[in-house]
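Each of the next two complexes has subunit A plus one more chain, namely subunit B in the first and subunit C in the second.
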Partner chain A sequence: MDGKNELLEQIRATDFALIELNLFLDTHPSDENALKDFRMLAETREKLYRQFTQKYGPLKAVDGATSDCWLWINDPWPWDQMKWEELKGGMANVGLRQENRVPDKY
Partner chain B sequence: MEKLEIATIYTGNSCTGEAIIIPAMPVNPEYATAYVRYQTYGKTFTPEEGLKQGTIFPELMDFWVN
Partner chain C sequence: MWVYDKKTEYPINIKRPDPRMAKLILTQYGGPNGELAASLRYLSQRYAMPNKESKAILTDIGTEELVP
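Showing the complex of A and B:
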């Protein structure tokens, strides 16, 4: 796994944990330990996200809004990237039309 | 007799609310009514482990997975 996928995986995990804490805090709005963990994770998430988008480009179209160019179209979208990684590993994926999706650089 | 499990909650959030103590499950449950035990915040999985397990709360594991 290269740095890009690793970073993306960390963002995924952090986002998931934040959703879990979000749901917990909805029913436990006074729980200070949960709130503390939520704040800490939100900060971590912010850092990871900034690190990723600065290095590898937008994860959402809106991340590229400060650029003069429309960055969203540049790279394979994050989920395409992951699917191609799976394909390379020999997994069948009928939903993905390889000839349309695989960029030249591969 | 079983020990009564209690939880401290606030009316509102921790900034505005007033603390009250409630039982984790109703003391006098009604017929034909479902209840969910009030969860208490404890240890959580790391985000990576949580994503793998499907929850960050170890106490929810038994029910959903085993």
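Showing the complex of A and C:
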């Protein structure tokens, strides 16, 4: 339930509902049910987002800095088709050989 | 994914309306060699980048150029 992918999937599901409600509310700004659902989901979203960010790093650049580290650039990026658990950088996508990689730490 | 902020990056203050200048600026943004096209190129090229620094910089420049 609290694995990285599971948590991300929960955020995705919440975001999907929020986006649909957002579009609906743009043309029905005083629909009480939609407003209620939107606020409820926005709260859930914030909780999930905080949980994810604390545990697995930033989803947005503004959350990317710690006191001594710029976490934002860290792999994986969404198009790095790798399991979250085995972070090895995005080399698989471009077929660069292991020995030609730019090292993670200079 | 992208989320819209209801603010501009830099404040807009038009002192003297100038439709010809407006047209130039709009072309600079949305025209064939404009920022919009550049941003989409950055955002496509990032998929081929071999390290995290270049993935990040293309994502972030592409994002910055995307919306006025």
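Definition applied: the second predicted complex is superposed on the first by the 71 of 106 C-alpha atoms of A that agree within 3 Å, B and C clash if a C-alpha of one lies under 4 Å from a C-alpha of the other, contacts with A are read in each partner's own complex, and residues count from 1 in each chain.
The rule we apply is simple: a contact is a pair of C-beta atoms (placed from the backbone, for glycine too) under 8 Å apart; a residue touches a chain by one contact, two chains touch by 3 or more.
Predicted model only: the values in this text are computed from it and were never measured.
Asker: Output check: A:A61 vs subunit B and subunit C. Expected answer is one of first, second, both, neither. What do you get?
Answerer: After superposing on A, A:A61 lies in contact with subunit C but is clear of subunit B.
Asker: After lining up the shared chain so the two structures overlap, which partner does A:L71 touch, if you call subunit B first and subunit C second: first, second, both or neither?
Answerer: So A:L71 meets neither subunit B nor subunit C here.
Asker: According to the stated criteria, A:F24 is in contact with first (subunit B), second (subunit C), both, or neither; which is it?
Answerer: Touch status of A:F24: first partner only.
Asker: Touching A:A42, do we find subunit B (first), subunit C (second), both, or neither?
Answerer: Neither partner.
Asker: After the superposition on A, what does A:F16 contact: first (subunit B), second (subunit C), both or neither?
Answerer: first
Asker: If you stack the two complexes on chain A, which partner ends up touching A:L7: first (subunit B), second (subunit C), both, or neither?
Answerer: So A:L7 meets neither subunit B nor subunit C here.
Asker: Mind working out whether A:A34 is in touch with subunit B, subunit C, both or neither, as first, second, both or neither?
Answerer: After superposition on chain A, A:A34 lies in contact with subunit B alone.
Asker: Give every residue of subunit C touching subunit A within the complex, in rising order.
Answerer: Interface residues on the subunit C side: 1, 46-53, 55-56, 59-60.
Asker: Mind pulling up the subunit A residues that touch subunit B in the complex?
Answerer: So the residues of subunit A touching subunit B come out as 9-10, 12-14, 16-17, 20-21, 24, 27-35, 37, 41.
Asker: So in the complex, the part of subunit B that touches subunit A is made up of which residues?
Answerer: 8-10, 12-14, 17, 19, 39, 41, 44, 46-48, 50-51, 55-57
Asker: Taking the touch rule as given, give the residues of subunit A at its contact with subunit C in the complex, in rising order.
Answerer: 15, 61, 72-75, 77, 79, 89-91, 93-94, 96, 101-102, 104
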